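Below, chain A partners chain B and then partners chain C, in two separate complexes.
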Partner chain A sequence: MGQKDDIYQNFQLRPMKCELNFLSRSDGSAILSQGETVVTVSVNGPLDIKTTSQSIEKATLEILFSSKGGKPSVADRFKENVIRQTCETAILGCLYPRTGITITIQELEDYGGLLSCAINCACLALLNSGISLHHVVAAVSCIVDETGNIVLEPEYQQVQSAATKLYFVFDSRDKNLVTGFTEGAVGEDMYLEALEKCRAASDLVFNFYRDVVTKYSNVI
Partner chain B sequence: MTSNTHTGTTVTIFFEDGRKFNDQRDIKLNVNAIKTADASAVVKCGNTTVVCGIKLELAKPKAEEPDVGFLVTNVELLPLCSSKFRPGPPSDHAQVISNIVSDIVTNSKCINLKDLCIVPDKLSWVLYCDMVCMDYDGSVVDACLITLMSSLKTLLLPSVSFDVETEEIKVDTTIKTPLPVNGLPIATSFAVYQQLSRSVILTDPTAYEEEMCGGLGANLIACWNKGQLCGVFKFGGSNLSTENEKETLALAKQKSKLVEKVINICIENKS
Partner chain C sequence: MRDLYLSNCEKNFIQKIISEGHRLDGRIYNESRKLDISYGSEYGSCIVSLGETKILAQVSCEVVQPKQIRPNEGILFINVEISPMAAPQFEANRQTDLTVYLNRLLEKCYKDSKCIDLESLCIVVEEKVWSLRVDIKVLNHDGNLIECASIATLASLAHFKRPDVTRSGDSVIIHTLSEKDPIPTVLFHYPVCVTFAIFSNNILVSDPSFIEESVCTSNSEEGSTGGLLVVGMNQYKELCVLNLSGAAIYNSNVVHKAILNASDRCKNIVEEVKSKIVTDDNLRQKRVKINFADIITTDHIQTLCKKDLSICLKNFKINDVKREDDSEMSEDNITEDSKYDVVATKTNVAEIKSKEAKSSWIEISSESEED
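Coming up: the complex of A and B.
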């Protein structure tokens, strides 16, 4: 165990700050800052939706990602897809058949790790909305720098200069991989090492969720 | 997964079409299929069919990167290929697939964009790589990359002379040089099927299998290029443990070597 502990020690994520119920008119909302990256998310649902997009098996998930510039792009569709697929595994959609759940994400500041911040914030907003979930999810991003070191939740300058960026999302039950994708080339060993580091670091995110929820629901 | 064969205590389960779980579908590849394009290829992986055509154009490089050319990739999923797609502007799924393919090509650095520059700040090549899906039967990213890479490997660039003073461009189509391609990124798709507490990994899933395993876009895609991973994508679907992840990476590596051979043999036979 000794060696294993060494690998998992000495890592830190950027400071996270969160406020739930940030918006008064949505069913659930959250604002989350990870380092200097800030995102707000509003969740509405279960709602009535068009018959054509209803599914008799599960709730239909609609994700809207608005970037700071406001101009929609192909990259935004990609982000929406990542968030939709991730949230779909987390939400117990079969409890809300023939309805829709809308998640709106607004980027406020992007200083690296925007997507992981957006996923974490969406998860907090879902918790706040009271929609039933299988499990919560935690996103952790990391980079491999020029010297081959893995840096978790890097700072803005490090992200800009990094050749390889990796993003992972884990579930809270078995810490299995829900979503993961890479930018840039990476060796297999490095990839697996980064995966394990991020998996261990996801605990910090789950603990943070617990702290936030305890603060807001003091009855439980 | 319709037939179950019980042999003693072990249970062997096969795909609908009789494959084993880690078998992939047959690949049929034809290069230079479209004569009007500068380079082209058609691939069939099982029923999934993708055509790729490359069109060459000349343009002025961007002012901020004067010695870099352009490689524009685009994937089209027309209503022709599946009932899931409607006519009109590109669907979200098509945009996501397009994004994945272009990400893999950039990440693998298989094309050095500086090779596409003719005269810095004045003239460079633009490679329009259009991939059209004719039949959507799962694992479309794999097929897209196979056609794209075979087309790029067969692409010949005509020689161009540029007069700096008069800015006159002369294209000589009799002298053609091949475009340097560094490595060969090959993607492999997997679907993860949750069977109670255990998950089953299906290699090269068909559209029906994709549907059973979390729907459109829930595949795990692993892409190898020259012994390096140049893209691992997994968006939702069933969750994946570390052992399964290692298994998929190994399978993808094995498949990438095989497909590389297929592409090289096909190109050799054509020329």
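Coming up: the complex of A and C.
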């Protein structure tokens, strides 16, 4: 465990905890905490869906993001879109034509980096559900603080004060960028530097996936 | 909502074993599943699990204008959502009969029983009152949503604290949590709903699981015996809600019996909720960080292995169970700390093995087809 802590400190990733099959009625589900941010995801599919939304070529992906309290908002729809695009590249949808896959995401605690936690958790739930994937994805978030330093997986206070937030999602094969988006202004050099840092840090997330799946496959 | 069908053999089997005095998960008639309440980092957020049924409740508050007819009372709003996360048959963003039924029942239990001091939520008469909103989200539907949702509502309402306000002239200042200690909600009494399923010969089964519930409702639709009975009671054993369906309408004995059973159960639940809140409060005063991350345990990363599929019938002996445990431990050195205390039985293990063999065969064949 000591060695692991060192790695986390070097990259300043927040500690991750995960449990697969958190929910008994879903085909696949996971609960993931990254630092104090906690998300749970359930995956159902491939399912029979309405003929109007069926696609001959690939599975139709439906993403639902549900915030903790209050009414659904535009921000939730935005998150759904980002997650849909990310998951669509990962899922081998052509294996399940004319069916639907539903991914439901429930926020439990939000202390920064909610979106990257949601993407990672969705990926773990997809692994758990046994749906075929091209590759797994890992999301890493970072901020640029006032002094121009890049902070990976920032703490809550840092997120609140940060001017710029960057999110990157990488695939596991070639570490290519799958999704990337920013909030706030950032220079081109800074962007590239943040991209490289996050790319390196994504290894940690993939290692974490591997640990989880190793434990999991031992049991079944 | 997609239709979910119940097969005749499932139905007949459940009815048969219940009439013989057994239940699918080995409980006795009057036994409930394990109740677990865990609180999140914010005031008024909790996850309640009753067996495998899991519900997330979150209370939030805002300042609104009061209703014209009740100018000096705050507002309580309960919103129930059942997403596809609960079970695959539910559709997103659509109100089902179940949602409306749950919502109405919770409103009856918490609004109409006047357990919350709504007058204490008033800031300025006719102008500003607090509006409490309880969001109930069903995470996993494994039967008895009503009881679980009502415990979640009660636990979150009792846990919730609203920010303090000061009035200076016409303006009202709302203090943040760091400026002034927040104020807890005043509850006059703690009502809670419990559910009973009615089977033939007026057998009452408390805390029905999903399949027991569906057998009961399908029975009452066919017009014979069956149906669900919801009893809401507070810790003083006073009746707050009664919801009858099926056989309970024609038979007052069943209702009497249910109320007697419910009174103790309700009292125990309320005590459990109260003690959880006290321990949570103590921890918070010691500045321990409480977070939903605490419910993730690394001991049982995999809870799927169907040995904790809690089927436990009469032929299972404790000796058998122990022996199975040992043999499994020697086979693969995995910690046997399953999330559930129900352990596999002889017959059950045999089933799993045959399934494994089957699935591998299917995989090979399907791959060869694709190639």
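Basically, the second predicted complex is superposed on the first by the 208 of 220 C-alpha atoms of A that agree within 3 Å, B and C clash if a C-alpha of one lies under 4 Å from a C-alpha of the other, contacts with A are read in each partner's own complex, and residues count from 1 in each chain.
Just so we're on the same page, a residue touches a chain if its C-beta (ideal position, glycine included) is under 8 Å from a C-beta of that chain, and two chains touch if they have at least 3 such contacts.
Just so you know, these numbers come straight off a predicted model, no measurement behind them.
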| item | value |
| --- | --- |
| Fit or clash - chain C, chain B, common chain A | fit |
| If touched residues of chain A are counted for chain B and for chain C, the larger one | C |
| Touching partner for A:E146 - first (chain B), second (chain C), both, neither | neither |
| Which superposed partner A:R77 touches (first chain B, second chain C, both, neither) | first |
| First (chain B), second (chain C), both or neither touched by A:T89 | first |
| Touching partner for A:D189 - first (chain B), second (chain C), both, neither | neither |
| Chain B versus chain C as contact partner of A:T179, first or second or both or neither | first |
| First (chain B), second (chain C), both or neither touched by A:D171 | first |
| Contacts of A:T104 with chain B and chain C, given as first, second, both or neither | second |
| Which superposed partner A:S26 touches (first chain B, second chain C, both, neither) | second |
| Per-pair minimum CA distance [chain C against chain B, superposed on A] in Å | 11 |
| Chain B/chain C common contact set on chain A | none |
| Of all residues in chain C, those that touch chain A in their complex | 2, 40-41, 45, 47, 52, 54, 56, 58-60, 81, 83-88, 92-93, 133, 135, 137, 139-142, 289, 291-293, 295-298, 300-305, 332, 334 |
| Contact footprint of chain C on chain A as seen in their complex | 17-27, 29, 31-33, 36, 38, 40, 42, 44, 47-48, 62, 64, 66, 68-70, 72, 102, 104, 106, 108-109, 111, 212, 215-216, 218-220 |
| Contacting residues of chain A [partner chain B, same complex] | 74-75, 77-78, 80-82, 84-89, 171, 174, 176-188, 191-192, 195-196 |
| Footprint of chain A on chain B - complex, ascending | 92-93, 95-96, 98-100, 103, 107-109, 214, 217-218, 225, 227-242, 245-246, 249, 253 |
